[in-house]
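The same subunit A turns up in both complexes below, where it pairs with subunit B and then with subunit C.
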Partner chain A sequence: MTFWNFARKSALRKPLRSALLIVSVAMTFLIYGLTAGFVAGSQGTAAASDELLGVMNAAGRGQPLPMAYLSRIAALPGVADVSPITRLRGSVGDARNVVAVSAGDPDKLLAVSGADLGLTPSLIDALKSRRDKVLVGQSLAQAQGWKTGDSLTVTAFRTKKDDGSRDWRFEIAGIFEGKNASTDTHFILAQYEYINKARARGIDTVWAFALRPEPGMAAQDLAPQIDALFANSAAPTRTMSEKQFLSAFLSQYADVKRVITLVVGVSFVTLLMIVINTMVFALRERRFEIGVLKTLGFRSPQILLLVLAEALFVFVVGGAIGLVVAKLISLATPPALGLVIGAQVSLRTIALILLLGFVAGLLPALSAMRTPILAAFRTR
Partner chain B sequence: MISSIRQITSMSRATLLSLPRRLAISLSMVGSIMLVVCVLCGFLAMARGFEITLQSAGSPEVAVILGGGTREETNSEIPAEVARTIMAMSEGISVVRDSRGTPLLSNEVIVPVEYRDHPDAAGEMLALRGMDPTGPDIRREVILSSGKYASPGTREIVVGAQLAATYPGFGIGEDVRLGPVVWTVSGHFSAQGSAFESELWGDIDAVRAAFNRVGEVQSLRLRLTEPSAIKQLAMAVDPLAGAQLKVLSEADLYASQSQGTSRLIQLFGWPIALLMAIGATAGALNTMMSSLSDRTAEIATARALGFNRLSAFVATWLEALLLSAVGVGLGLVLSWLTLNGWQTSTLGANNAQMSFRLVVNGDVMATAALVGIAIGAIGGALPAIAAARVPLTVALRARG
Partner chain C sequence: MTISEKDIPFIALNGVSKTYRSGSERLPIFAGLDLSIGKGEFIAVMGPSGSGKSTLLNLLAGIDQADSGSIQIGGQRLDQMGEAARSAWRAQHMGIVFQFYNLLPMLTAAENVELPLLLKSISGRVRRERVSKVLDIVGLNGRGRQSPTKMSGGQQQRVGIARAIVADPTLLLCDEPTGDLDRKSADQVLAMLGFLNRELGKTIIMVTHDPEAAAQAGRTLHLDKGVFVEDEQVMA
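Now for the complex of A and B:
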């Protein structure tokens, strides 16, 4: 009988017990996979870029910046492209059906975030064909059932038109898909010119400037240069990367990360406690067998490996089930929930499975290894 | 019947007295149930704390008038003539009036502002409410704990107790930068820990001037003489149709804001707690299986001596229930000691930070306890059935 065969046989010695342990392990890694996927995906920062910079008013989000800053930022060495961004939030149809519209300069948008949002020159040409054309993100279009050619009216919460109405009419010129599944495409892209000209207040101001540094220029070096440019002006700026912005914004929703770390930590503690104790107990029942193995000439390290392999078996099978179920759930849930289990999360989960399996097996394995032959026989 | 009861008690006693032999594995069952109870308590306490903070915020005697067909203050807009018409109503509405007989009315706007404790901090969105000098009089539930209310036309703010406690920069007399201008903190107010305490209050004209909202009014507030007078007020403002006005009590306004978030917390918390509970049930089953295999010879001996199957079943099940009860008890004590009153915050209505405290109360504890006991009951039932069916002969051959 080979070593692995033997390990498998002893792991399945009490099939029910092993199955139950596998269930515990699977549940733990299911929780881990889901929460890690949640943090990585929805929470948006997975797809957010470290390279894209946003320049906002240092006085706070929502405070405008003058459009005049555009040329000064664009002239700064190291800035490849920059687009003004203004935002408009409103409802479509039902007052609870809230959508967000971001408006920018179409050509600059293509240069700045074309790759991330999946914008193509033909989409941008369609967008430019008339002032009131917009592009809609795939996830939003899917949720609302919109398709190219539809028109929609956004009733803005704040932004009024110069004729006093809040209804903004748009026509959909195309759908953008985003770079991959984790890209946030739950918004509408409009043209800055259209909104800027038609609004009653805040003409020639922007919500932010989005810019891409030239290749070879590090974003974190460029940001302080931009802020230094306007440090002593009426509206000082604050420049940060898309990722920093999103994580700062999300951290306000209860410390999502802290809650999740706590929950995952607690479930791992529970799991380790259950598995270690069960294995120690199982080995106590088998002290006699271990004594026999030692008498037959098995060396202590081999006994150690045997028990370790048993623990690893439980963890690998259980962990794999948990990870696969988590992946299936992430595929089954709508993208708006933002569960993304990509290669990075999977690799981290696998590493944790092996690590925890090793830790859980070590204590029982050491105690089995140290069992003296005589003591083993005395249990009889 | 009597002998059956006596069999059960003596068998149960023997089982429980043998617990020290399986101490470690029994403790792991207690511990895992304890942790499941803690996690569930945590989520439920968060949802409940959030609800309580919002539901205790509004008074049923304060009427809020919103315009533009919305139920949220941020999106609401009230034409100036509405306030003028109401001020001119000398009768027909039961509202509190000042010495000259004009209704006590406050025009209000709410602006999300970013606040940074020190220049490099990430910045939190806080709600800055601009109100007329009558605003504090209308909210009689709110107490000025120190300092004074903002004087009309000045850049002064009064700060809710929760915010003052969280950020040292809101001490009385301190200057804080909110938006483009610097404000002076003139006082602190408290409101029994409700959602108001996460707001900053300033003078309406100063707030509107600073944030480019001159002339805007988002909501009107009036003090009713009794809660039921709200219907009368709604009838009275109904003719001012063009503005699509909505009249509701402040209590209703805040209570309706709590539903979404507390449901979200529960939607997130329950699946996690249930998955953990399944894992812990598997663990409990294992523990009880071990207990069973530890006692097989004893059970068989007792059965051979004439004990019935029921006593074997009850003894094993009782052990599981007892262990889970200990786990539940420890979990409840632990979560009550550590979680109850823990202050946290989330993004509430108006896109601004809202602080709340976790509340571990009776029904949170009862729900968590039920789940914990269920783990023990389910995890113990199968091994207990197995215990009742231990075959006498095979068991006697086993050596302990």
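Now for the complex of A and C:
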């Protein structure tokens, strides 16, 4: 028997109580794993790029920018490729079945976002084969049951065609899969020229320009240069990375990260109170036993370590269960849900498990350490 | 005439005083107690309840401290040690046998016996060998994997004795080791203590109410109101 084995057996001396404690810890870290995975995934922090830049109207995301900016941005030193982007949001079939269409220059899209979206030259060729051809992200295609060759009609919420209709007919030229499971592929890629020429208003304007800096050019250095270029124009720009954009986009509705931090923080505090309370009571029942151990020669620091190890055992087992279940859920759910439990989330969770195990064990451990032997013996 | 090892005081209490506080009053337990015990002696301490037997054992174990006087064991002043040093001293030199065994129910018999060895820097293999050896001495070899909760009182006390001697201490303190046992089990435990004293040279101090248990000891000290009123020596 090792000291750790002794701590493990002590922690499991009341199997039901230990099991309930472990389940509480597992549930807490399951919640944490899922929420941290959501922040890392849906917020785009895992999949979104720090290198891709988006140039938008500084007055707001709803405001367009003139297409004429394209050549000026493209001419700026350090810009590798730039594509105009216009958006079209609408429904397919059922009015509640909302889809998003992003339209760009096919060749420039390949250069700017090809690696991230999993675009290939053959997909781009298929896209370019007719003006109403589109590429559909794998996540959306799966959700809608669409396949290459299918036709679909998007009824736009705002963007009217020059004939007054809001119905935009497309044919699926291919499915793009994204770089990895965390890449957002829940949208349609169309051609800018098609949308631009057919729409009734906003011709030769863009919602944004997507650009990729040249290798060696830092995105954060290029962004202010672009904004400076249009600072005194009628439509000043605001340039930010894809990651910054997604984060800012979500924070229009709420500071998701802060809300999640608060919810998880409250659950951790509750868990700590439950575990500390249970451990303090459990140790009160074991005061006599602590007295026996001290009589056998266990010194105060060893008693402290023993109780800390017991708390750590409960947290390590429960936390590991919670993290593994969260990981399994993230693998089982569709990428559109945006749960990404990668190395960073896992390491942060492990650090939290150890920290909270230590914190939860400290109070009972100090109490056990300070218990005088004779006072412990009087408890029987 | 030669001086034997038993004639040299292994344990020496000089002028030990101890009082307990009860509300605003102080209850005297010992007032200048003197005691001398030679190495390898088997001492029984008898006396009525409240006479100070348990306090004496607690002082000798270093789990309580005297108000004044000196307590010297094996040449070391226990009364001058700090708590950590007394813990280390107990782990090194002392084994304690409790009336109610005080075994940990979540551990097997062998793991209970192994507990004091966790405090020593010895390998798992050596620990297991020593546990097996002492379980053999107490007649429980082959029962190491059994839970103490499934053992009889006599067997549990033998596990308690094995735990007390596994670290090879020089001094065994026994607090009414037969107080919770039937006569047959009590006799087996007493025979074992006698063996440890005679064959392994352990110095044993046993607090007991049982005259038959005391009869196993080489010397019986009668304590009453904190004073030794009689010192019976059994001539071998």
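What we mean here is this: the second predicted complex is superposed on the first by the 372 of 380 C-alpha atoms of A that agree within 3 Å, B and C clash if a C-alpha of one lies under 4 Å from a C-alpha of the other, contacts with A are read in each partner's own complex, and residues count from 1 in each chain.
Criterion: a residue touches a chain if its C-beta (ideal position, glycine included) is under 8 Å from a C-beta of that chain, and two chains touch if they have at least 3 such contacts.
All values reported here derive from a predicted model rather than from experimental measurement.
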Superposition on subunit A - do subunit B and subunit C clash or fit: fit
Touched partner set for A:Arg72, first subunit B, second subunit C, both or neither: neither
Touched partner set for A:Asn277, first subunit B, second subunit C, both or neither: first
Partner chain in contact with A:Glu285 - subunit B first, subunit C second, else both or neither: first
Touched partner set for A:Leu296, first subunit B, second subunit C, both or neither: second
Subunit B versus subunit C as contact partner of A:Arg130, first or second or both or neither: neither
Contacts of A:Ala59 with subunit B and subunit C, given as first, second, both or neither: first
Overlay on chain A, subunit C to subunit B nearest C-alpha distance, Å: 12
Overlap of subunit C and subunit B interfaces on subunit A (superposed complexes): 380
Residues of subunit A that touch subunit B when the two form their complex: 16-17, 20-21, 23-24, 26-28, 30-31, 34-35, 59-64, 95, 157, 201-202, 235, 248, 251-255, 262-263, 266-267, 269-271, 273-274, 276-278, 280-282, 285, 380
Touching residues (chain side subunit A, partner subunit C) in the complex: 1-3, 6, 9-10, 12-13, 288-289, 292-300, 302, 373-374, 380
List of subunit B residues in touch with subunit A within their complex: 22, 24-25, 27-29, 31-32, 35-36, 38-39, 42, 46, 69-70, 74-75, 112-115, 122-125, 177-180, 212, 272, 275-276, 278-280, 282-283, 285-287, 289-290, 293, 344-347, 353, 399
Subunit A partner contacts - residues on subunit C that touch it in the complex: 58, 61, 63-64, 83-84, 87-88, 90-92, 94, 96, 98, 100, 102, 104-107, 111, 114-116, 118-119, 124, 127, 163, 167
